[in-house]
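Two complexes, one shared chain (subunit A), two partners (subunit B, subunit C).
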Partner chain A sequence: MPTVIIDNRELEIPAGRRLNGIEAARLAGVEIPHYCWHPGLSVAGSCRMCLVEVGTRDPKTGEIEMQPKLVPACNTIVADNMVLVTNSEKVARARAMVEEDLLLRHPIDCPICDKAGECLLQDYHFEYGQPERRADIRPFTSRRRDLGDVTLFVDRCVMCGRCVRFAREISGTSELMVTGRGARAEIEVVAGYPLNNKLSGNVVDLCPVGALGDKDFLYRQRVWYLRRHRGVCTGCSTGCSIWIEENQDRVWRIKPRENPLVNKWWICNDGRYDYPHVHDPRRLTQPTGRDGLAIDWTALPNELNRSLGEAGRLAAVLSPFLTVEEAYLLCKLIRGIDAEAPLAIGPVPEVGEDERFPGGFTIRAEKCPNRRGVEAVIAHFARRVATFDELLAELDQDAVQGVWVSGGYKHEWIGQATAARFERLKLLVVQDLFPSPLSERATYLLPGAAYPEREGSYVNCADRLQSVRRAIRPPAGVRTEGSLCWELLGRKGLYNARAALDEIAREMLYFSVAVEPAPEMGIDLKANLLAG
Partner chain B sequence: MLTHATQRTTMKSDDRNINWVQEPRLGLAGRSYLLLFVQGLTTTLRHFFSRKKTVQSPEQRHEIPDPSIYRGVHRLNRDQRGRVKCVACFLCATACPANCIDIVAAESPWTDREKYPQSFTIDELRCIFCGMCEEACPVDAIELTSLYDLSGKSREEMVFDKEKLLSVYDRTKDAKPMRTSRGEGRGAGDGE
Partner chain C sequence: MTHEPVLLANVEKKDSHTLAVYEAGGGYRGLRRALKEMSPEDVVELVKQSGLRGRGGAGFPAGMKWSFLPEKHPGPIYFCVNADESEPGTFVNRVQMELDPHQVLEGTILSCYATRATTAYVYLRYEYPLCRRRMQAAIDECCAAGYLGSNILGSDFSLDVYIHVGAGAYVCGEETGLIESIEGRRAWPRIKPPFPAVEGLFRKPTVVHNVETLACVKHIVDRGAGWFRSMGTPPEPNNPRDPGSFGPKLFGLSGHVNRPGCYEAPLGISVGQLIEQFGGGVWKGRKAKAAVLGGLSTGVVATAEFDTPLDFAAPMRVGCPGLGTGGVVVLDETYSMVDFLHNSCRFFAHESCGQCTPCREGTYWALQMMERIKAGRGRLRDLDLLREIGESIGIMPGTTICGLADGAAWPIKTALSKFRDEFEEYIMRTNPNGYMETEPVEALVGV
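Up next, the complex of A and B:
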């Protein structure tokens, strides 16, 4: 294995890995500051912040010979016997000079800049900059430019070019460019061709400073108020890893969470701006009966259990928005009362075709997070996964008397005509986010949870299981599907998704690898099928 | 890595960092309390014959020695064009130890300003008048005045909104001028 020496420490590079100086230093626990380099983009080497001293050690004599000039670490692929020095006086001076140069033309309007608090320019200045400014520049307000999906604060830009490279390499749309030269260089779009693609939100995350502002988030919160929670995007069956950033149970923004096995560093705009429905005032927050009268949650579980027991032949519709655990508990509940109850998967929303981007990112046509997981659970209980249409056919023949429908759809999902086919049922329990034609006919209408409020696991289109904890508490009056089924099954204590998943892993071969605590990147369920 | 909190242990009585001090032994003068009695009575008599400090409030007003450092009711300063000076940076709300400041920021309706507070409320009942907001403000928009006798008929009345805080400025700007003109003249023109 190749050995490199970073700040007098020897580091063995894993064989077959091509690392640059920044990545190798990170392995050794040394942080090299950088603006323009990003692991997901090509190397530009333009910011000069990652300059380090580089040399080679003679393997026979052990003598070290350093190169006279500083070298950008991002563009230096480490090789055997390479020596990197990142903590010398020379390197520190170079970093301070870069910082000073960048701040010469920076507005320093941090108080009104949305990036303040997570800004690399701030952090690096604090860490590596000069304590005093030599230039006498008064703070000024940055010029603004509308680039389409995002707002550019022209004077805050440090010209790292990450956004330009992103538009060329990952989204493949090449809307952004650099105009002007030297100190007058600026990010710009061609008039009439604004930045307008489904991945455009990522340039805001990529921007190391506050130059690119998300129009959705601009001026709304300061970043230090936000708490981030690990989540999984429920926009499509790719199941991107995300950070859900919330303050006092209100989601303010969604950011991509690095996951090399699913979404790398990116998410699409559909997923990024997919949270307003969580705080929609039209959401159901009160359980009601057929007469529209409010029912109290304390008495409801007993009443539900009694009604389900008296209904006769039962059936359940499991939404593809449910987590694996919730689907399992619901199946267990319905099958526990009626062992022959047909279990169907709810309508799977599909929009257009899969969209594939040059950078490898894919937006799936299947706009739900957990079809595979729910189908696997249903297959375990019922052997056959009935489709929604098959269940409707059974309803037409009056083959069932009681149906439990879990909705959880973000948009309108059922029409008046389809809902009318549920008319003749003795018992119809609907748990959903929003009122719908179906909810009007419900014997029991239960408010359901939105995705940041759920706890459990999703299986994406590549059979990868990702477990998440809840990011925010559900609004008053809402109980998550998991916690309700947990109580209806008569289980002790609070809903425990981990315990449910352990149970699932013991019972079902498909989930049997999920016994270990899930890593952040998720677990590949296919690996188990090959072995089993 | 151990965090600071986990490293901390309860201090034992034999800890070397504890410096034990003996109570001084009292002499005859101390034990008879005579000297202390005279000392105490001297203080009483001195105040008895000195100038009275009591003020018949509210008929008479307290005289505030230095209004510039007094920490009374807040005010929101206006800029040269009479608009609210605040840029809605949330630094006062962040610094506030009592969490009594609530700001809703929005894009400003003026061309030379980026951001402004759509709403700015201070709960004067929650406020502990520590002056941290004043210290944190990067444009000196929020200041504590020397008005000390604020009262209201309800809790809601004591939650001061932007208009009310601006009116406090209008009332006190002559008695206590704005400390600095920081943040003035940062128009967009400067950046171009």
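Up next, the complex of A and C:
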């Protein structure tokens, strides 16, 4: 294997991997600061923050010959016997120079800047900058420019060009450009053609400083108040890995979580701004009976179990927004009471066609996170996955008397006409986020959980299972589907998604690889099918 | 020393820019012979033997540049003629293209033949409208006469030449900036590697040469490598990296001289000789104070250094980076070096492309300081800061992608090291109360 020497430490590079200096140093535990380089974008090599000394070691004599010039690590592909020095006086001086240069015309308005606290300019200046300001002081300016989906704070920009390259290489929309030369260079759009594409929010994440502001997040929270939790986007069946950032059970921001096997470094705006429904005041927060009177949660489980037992032929509608564990527990519950109960998948929302971007990112037409997972669970219990329409047909023939419907849809999902077909049921349990024509007819209307409140696993369109913990607590009065079914099944303790998944993995071939603690990038369920 | 002009042999003739006059003077004879008798490898070998070095500023051996092209490449290979002559004090390419465009074209055709390039772009700066007309007319004449187009002069070799007019940016003269500009993008020089010979214009192997270099190729093919090597300075024996400086060179002489103009002399003529022999001495009977050596970005030499030979190696002995473009600008004794450096900083701050941090901010900062110094609010400390900027920006220390920052740095470095007394005297005279101040002070204006 090729050996690289980084700051006097030898590092073996995995054979066949093309790494640049920054990536190799990271493997060795050495941080090389950089602004313009990003693993998902082409190499610009212009910020000059990643300058290092490079040399070669003669494999026979062990003598090291260094190049006289500093070299950007981002554009240096490491090779056998290459020597990188990142901690020399020369490198430190170059970094201090770049930091000093970048702050020459920077407004240093950190107290009113959204990026403060997660700003590379701050971090690197603290780490590598020099304490004294030697440049002439200029009047404070902080010009703003509306670029479309995002706001540009012109004077905070360090001209790394990441946003411009993103718009050219990943979204393929090329709205952004640089105008002006030298110190007058600025990020701009052509008048009448604003930054307006479904991936535009990513440029805010890419911006290493506070130049690009997310209009949705601007001035709403200081980032150091936010706690972030691993999540999976439920916007479509791509199932992007995300960070859910919350403060005291309020979601403020969704950011992409790096996952080379799913979404790389990106998410779409649909997923990024898909959290307001979580805090929608119209959400159901109180279990009610058919008369519309509130029911107390403490009495409800027993009452539900009794009603289900007395109803006769049962059926269940499993929403594609449920996690695998929740679907499993619900199937187990319904089938435990009525072993022949038909199990149907809820309506699968489809909008348009898959949208594929030049950088490879795809937004799927299937706007739910877990159709595959829920269908696999149903198939295990019922052999046949009934569609929602098939269930409706059975209702019309009065073939079932009691139905449990899990909703969880973010938008209106059922109309009056369809809901009316549930009219003649003896028992209708509806667990959902929002009131709907169906909820009006429910014998028991139970408030359901939104995705940051759920715990469990999703299976995306490529059979990748990703498990998440809950990011926020559900609002008072709401119990997640998982915890409710857990209790209805008479299980001990609190809802434990991991235990449920272990059970599922033991019982079902499709999920059998999910026994290990789930890696952050998820598990490929197909791997097992191929092997089996 | 008498030198019979070769590169400028035609310029005095009436209608020198036309094909008829050029052919009457022996033009395109070399091309006919080369296409018949020489293989492309022969031409490369000939140019290698001649020791021709690029006339654009860096002085890179032309034959070696050609040998970097990948062998047996399926093509296309592109050729770019760098006619974006925007170095302050430089105007020799303009003379060549206006008065002898066919000489440039013949050199281009020969070089394309040698490199197997099938398309050549002449990247011409916007400010040269007459060059554009004359070059286009020359291309049209060549197409009609069979010197350009398919199967040139009955051979297998085909070549198209296009003129691409830039929009007037200094950085377009940097070869990868030029390539980006031809591709229709902003002229931000590319990070190297890959070098243009491997991946250049439209991601294909590309050769970029200065106008004057190509004119030399024509004469090397006409007269042989021996003739070319009979002029100039042989390699310095103590410096293994010096391939020597051979051949004739055009010098653009301007500034405070009696007869400014474009002159041809063998490499190795000294600054003083050039001023006296061709320029007729410093104007108004004054003495010289300094001279820009070869375009602004090579910095200045003081009068005491006027015996410096103008070749590729000697300027390094007086603290300058090299010959540059051969644009000599003479400054007389009344001219303030503060004004000189201010003007230089203004130019480079204006022309920095804005890509690399050290250049974008360094040139801007230097200009801010020079503005303040000029306005009588300078501090002695500023000179150290200026020097530090000069020493830390550019491809020499490795802090930028292209050489523009080096160009900005050399005038600062040379002016401050050779005329520091004058700067100190100016600052102390104009800012008697504040010249020792060390705290940052308010800048004058935004640039």
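The working rule: the second predicted complex is superposed on the first by the 528 of 532 C-alpha atoms of A that agree within 3 Å, B and C clash if a C-alpha of one lies under 4 Å from a C-alpha of the other, contacts with A are read in each partner's own complex, and residues count from 1 in each chain.
The criterion applied here is as follows: contacts are C-beta pairs under 8 Å (C-beta built on N, C-alpha and C of every residue); 3 or more make two chains touch, one makes a residue touch a chain.
From a predicted model like this one, the values you see are computed outputs, not experimental measurements.
Once the two complexes are laid over each other on the shared chain, residue contacts for A:R220 go to subunit B alone; subunit C is not touched. By the touch criterion defined above, A:P107 reaches subunit B but does not reach subunit C. Look at A:D155: by the touch rule set out above, it reaches subunit B but stays clear of subunit C.
Judged by the touch definition given at the top, the superposed model places A:F126 against neither subunit B nor subunit C. When subunit B and subunit C are set side by side, the one touching more residues of subunit A is C. After overlaying the two complexes on the shared chain, residue contacts for A:R48 are found with subunit C alone; subunit B is out of touch. In the superposition on chain A, contact is made by A:G180 with subunit C only, not with subunit B. After overlaying the two complexes on the shared chain, residue contacts for A:V71 are found with subunit C alone; subunit B is out of touch. Across the two superposed structures, the residue set of subunit A contacted by subunit B and also by subunit C is 138. Touching subunit C in their complex are the following residues of subunit A: 43-49, 51, 69-72, 75, 93-94, 97-98, 101-102, 104-105, 133-138, 158-159, 161, 177-178, 180-185. Within the complex formed with subunit A, the residues of subunit B that make contact are 87-91, 94, 105-107, 112-115, 138-139, 186-188, 190-192. Within the complex formed with subunit B, the residues of subunit A that make contact are 107, 109, 111-112, 138-144, 155, 218-220, 222, 224-225. Per the touch definition, subunit C reaches subunit A in the complex via residues 169, 171, 186, 188, 191, 193, 349-358, 360-365, 368-369, 372, 385, 392, 395-401, 440-443, 446-447.
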